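Listed next: structures, encoded as structure tokens.
Same chain, two partners: subunit A is paired with subunit B first, then with subunit C.
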Partner chain A sequence: MSVAVAPVQAPAGRWQTLRGRVAFAARHNWPGLLATAVAVLLVVAAVAAPLLSPYNPTAIVGPPRLPPSGQFLLGTDGLGRDVLSRTLWGARHTLITACLSTALASVVGVPLGLVAGYLSQWMSDVVMRAMDVLLAFPGLLLALIVVTILGPGVTTVVVAVGVSYTPIFGRLMYGPTRSIRTHDYIAAARVVGYGRLRVLRKEVLPVLATEVVVLVSSAIGWTTLLAATLDFLGFGIRPPAPDWGADLSAGIQYLRQAWWISAVPGLAITVTILVSNYLGDFVASIIDPDRLYRSHARVRDTAQALTGVE
Partner chain B sequence: MTAVLDDLPDRGGRHACAPPLLEVRDLAVCYRRGRGRVVRAVDGVSLRLERGETLGVVGESGSGKSTLAKGIVRLEAAAGSIRLNGTELAGLGESQLRPLRRQVQMVFQDSLGSLNPRRSIGQTLTEPLLVHRLASSRVAWQRAADLMARVGLSPELLHQRPGHLSGGQRQRVNIARALASEPGLVIADEPTSALDVSVQAQILSLLQDLQRETGVGYLFISHDLGVIRRMASRVAVMYLGKVVETGGRGRLYERPLHPYTRLLMRAAPRPDPGQQRQQRHAPIPGEVPSAASPPSGCRFHPRCPMAREVCAVEEPGLREVAPGQLSACHFAEELLELNTSGALPSPASTTPAP
Partner chain C sequence: MAVFILKRAAQAVPVLLGVTILVFAILQLIPGNPAQILLLGTGATPAQVAQLDRQLGLDQPVVLQYFHYLGRLLTGNLGYSYVTQQTVTSEIASRLPFTLSLTGAALLVALLVGIPLGIIAGLRSGGLVDTLATGVSVLGVAVPYFWLAILLILVFAVKLGILPVLGTGSPAALVLPAVSLGWGYSGIITRLLRNGLIEAYQRPFILVTRAKGLSGWQLLWKHGLRNAIASTVSVVGLQIGYLLAGSVAIETIFGRPGLGSFLVQSIQEKDIPSVQGIVLVVALVYVGVNLVVDVLHALIDPRIRRAVSV
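Showing the complex of A and B:
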């Protein structure tokens, strides 16, 4: 068994083709595969909510607080609306909010971190101290400040969550960029005649692509949580519309008599966060052969150490 | 000190009608270390390189040869004048410099580190053409395949990443990248130092072949006197950020006119057994002093077997001692006489410093 210190690169062969990596990952990374399957289901649920929902999510279709049954698969909520339908429609709203705010955070945060990492020391100091100020506020507090400024609403939640996560993206891109800029291949690119932005786009970003994918994917989990929290607190969507955070909040008062009203959207949030974490790893291992190879080598080395079999 | 470097007679038939390919005057590269401490890694270096010629720069590690290269391509901020085909590069902003960059390219020592690990060889090789808008993407890929063939690599490797190539293959890729934009000058910074001896010889032959085909000029940097002798037609010897001796390869190797050059040659292991018997391998005594606090007077005097009182006080300038051969030693003439009279004492037997 060896401890790999130098970056291990995947050998030629099956690691180098996309098909080979997908096949390998599918065989060896079952949590990732499961996460992918669940993620697909979540997206299908969100997209096909109108087709899949048995009832109108905002209509009162039965007696309130009815436990799960054949007629209402996940029961009814405090007003007598179908929980399954509301959760399916809620996936739509929650996931769109999470994706949009993640997009906002990454589209602003990643370039900001790259540029700050590549600029001269004092310029980057200015940018990064500004980010640190934002980071110093807890995400929720920052989001609440945005809500206070913009007033409640769906757009507000997207902006609030996006702004809260921008400095995290910036920070996580800044450090690696700072170290990459000292590499010889950056010097070589400058000699070739790249401008600064081209260096960042063509030389730095590809090296960090895997990190960005992992980050974006994990961030969907975090933003789901923060968006749900804001909706839980009532800053987002207006009441009759379905939303996981808002529905979770509405069910709290019936927790003793009708646990399913809160538990179903709560579980949906939990599953989304879990899936988003595993999915990032899975996708990263497919686009980056070295990462897949390294994790494989680690598993193999551990197995060898445990069994003593080469 | 710069004036003497003009019109070195060594170049024979060429005249100064066309500006030289590269003319560096009084180049200085300084690093700031800590509070107010300035390290002059390259201190007033002047060089001249004609089209299609190879100028070898040799010196120990720490002599500032790599910094010189970085200063010329402006990877480091440099003071002084850098003229490329008569165009002044010093003082140009990054964006003004960019279009001129295609004329000067560089090959780095670390063949792996100078290639982006996440980009394929093809992506790396097409980039010079795309950056300078010399070709469309499709044409650029064809040219990349041609370049691969010219440096002796299979075009199939275009889709590989650098990690899957051997050191020699990677250095060929680096050479191909340097030549992609058809530069007049390629600065090769220890291009073979990290390679096996056999691979080293192949890379040197390749560089020579490419020079014959394209007429590219090389500024060839190495610590290896043997490599420099093979590649360069003229040689500049550097010590602690300064050029201490320069001249045509033949004369300089036959009759070095600076004690440092002589010691450097003695320190190099000789493959020639006849010479080895006469002059045994003898390392230069002492260490290279720090460029942060260079010795007073002649920078070599603490290690010099010929040093006298004046050396610690007065810094010698480069001056023409023999035709085409310049030395920055107060006693270069003595060395010249010793050489021509045939009595060539070993540096160990010369009077040691008082």
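Showing the complex of A and C:
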């Protein structure tokens, strides 16, 4: 390239402390900072739903399909229940479902990917072919298979979403593990006398920690969407319990008269997914500030290279 | 090239076998005796259950049952729907066109929006279109397609009244479902194509071809896009699976009598043979599409061909 770009100097000193890294990430990653703030709000809404919601989410508190007003800030639903209270309580249910199913997918998927990537070729083949079979069913379909087997319900949704993301987690961990495997320091650890599992735990996993954290925090958004889809289709929580996906679905029949019944829970789902996407990025830039710096540097290089050639 | 196609097809065989095992296992994994599940609610006596067991071969060892199942599949026999008593094959055949037209139209929307946006954003990165396209793609991934469907119905059918919501007769009725389903994927295509182009334009050969005197369009067509589109093509293959799965919710909203709404209905009615049939057909289509896409990928990118042929 004809354009000479000055090497980026990393301010190493400031990154030694967690505080310095958080400050750095907050200054250079404003969407991440904003997302973190909204995520905190979401969690507060979920935890404090009993305190924050003005009404009982399952009680009929007014006339049906009342537009947003001072008394009902987000209007009432098809039966006359308060949409705001239902959305706040729904946050609780949705976030718990998303966190549990993400935990399930990571507890099973991440070790599978690591083991398949690092252990013998034979093991790798068996595990990855099994993953390929599961991946032949697009996410929602795999979840619906689980629903067929277990029958609809709250636990089913957690298991179904967890199972659907397990092969994806496995696949995403497999690649990086595979490439780390060939590094000299892994061979060195083996020579020193580390067993295979110890190498995996002490040498491979720490290197992939950033990947795992980013994966898990972004996955909250994916699992939220899939869980909401299952609830939307009517395979999750039973009415009258509040749930974003189910409430959205229930509002469709009133779309012409009362748009807010469907629009509000839908917006809540969208915000959760958006936040989760940026949150992963933000956490990554705290754990590994160099990564943020590099990505910024790369964008700058690209921009300079392009304008330089033009 | 023939070698590549054969090798790639051979790879699909174990996956397909695994898919049939999993689909076969759905009935076995449901808690309880399969024959009892089939006769659920009919008030059958134990003798009747035992008779059905024998009739269906359910008293034989599971492995033997699987081979019988596989044998029936090879003759195109997917069993009978418990609800309609028709063959599952004919039920699926009558609904498949609705799902395929929806998936195809959604893919078309994704490509028609994604490719031009991706090219402009890639060539003028950092510009207005790039900023807009990035925003659109972030939102496209975050907005649940079923919520987008509701927003589109609100605007175009309820407020403006220019597009129909229900029905399958006219092509106009396909517009809203296809846009709701395809929009999110256009964002992914945009981003991949943009990043691919930026990366390609950084390579030294672009400078050489410019020095040779190639015009901007020729450069883009012959060198830029050919390098950038490879990764996009393989991801489009994966997305088709998600479009097929997404049709489940979209068909339910828009009342399209396709495979997706049939699947939801079959799960609700515990019509296990239909569930098995639909899941199998969708997985087959998905594996098949990915086979074709990989071949296309190899046609575009000779490096892939060589990597496999060696």
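The rule is short, and it goes like this: the second predicted complex is superposed on the first by the 285 of 310 C-alpha atoms of A that agree within 3 Å, B and C clash if a C-alpha of one lies under 4 Å from a C-alpha of the other, contacts with A are read in each partner's own complex, and residues count from 1 in each chain.
Heads up, the rule we're going with is that contacts are C-beta pairs under 8 Å (C-beta built on N, C-alpha and C of every residue); 3 or more make two chains touch, one makes a residue touch a chain.
For clarity, every value in this text was computed on a predicted model and none was experimentally measured.
**Q** Could you check whether subunit B and subunit C clash or fit when both are placed on subunit A?
**A** Because the two structures are overlaid on the shared chain, the partners are seen to fit without clashing.
**Q** Mind working out whether A:Val207 is in touch with subunit B, subunit C, both or neither, as first, second, both or neither?
**A** A:Val207 sits against subunit B, while subunit C stays out of touch.
**Q** Return the chain, subunit B or subunit C, that is in touch with more residues of subunit A.
**A** C
**Q** Which holds for A:Leu51: it touches subunit B only (first), subunit C only (second), both, or neither?
**A** neither
**Q** Could you look at A:Leu248 and tell me whether it touches subunit B, subunit C, both or neither (first, second, both, neither)?
**A** Touch status of A:Leu248: second partner only.
**Q** Enter the shortest inter-chain Cα distance between subunit B and subunit C once the structures share a common frame, rounded to whole Å.
**A** Comparing every C-alpha of subunit B with every C-alpha of subunit C, the smallest gap is 10 Å.
**Q** In the superposed arrangement, what residues of subunit A touch both subunit B and subunit C?
**A** Comparing the two interfaces on subunit A, one with subunit B and one with subunit C, no residues are shared.
**Q** Which residues of subunit B touch subunit A once you look at their complex with the stated criterion?
**A** Residues 70, 73, 75, 94-95, 98-99, 101-102, 104-106, 108, 110, 113-119, 127-128, 131-132, 160-161, 163-164, 174, 177, 181.
**Q** Which positions of subunit A touch subunit B when the two form their complex?
**A** It comes out as residues 7, 9, 11-12, 183-185, 187-196, 198, 202-203, 206-207, 209, 290.
**Q** Which residues of subunit C touch subunit A in the complex?
**A** 14-16, 18-19, 21-22, 26, 29-30, 125-126, 138-139, 141-144, 146-147, 150-151, 153-154, 158, 198, 201-202, 204, 206-207, 210, 241-242, 244-246, 248-249, 252-253, 263-264, 267-268, 272, 275, 279, 282-283, 286-287
**Q** Taking the touch rule as given, give the residues of subunit A at its contact with subunit C in the complex, in rising order.
**A** 1-2, 129-130, 132-134, 136-141, 144-145, 147-149, 221, 225, 228-229, 232-235, 248, 251-252, 255-256, 259, 262-263, 266-267, 269-270, 273-274, 277, 302-303, 305-306, 309
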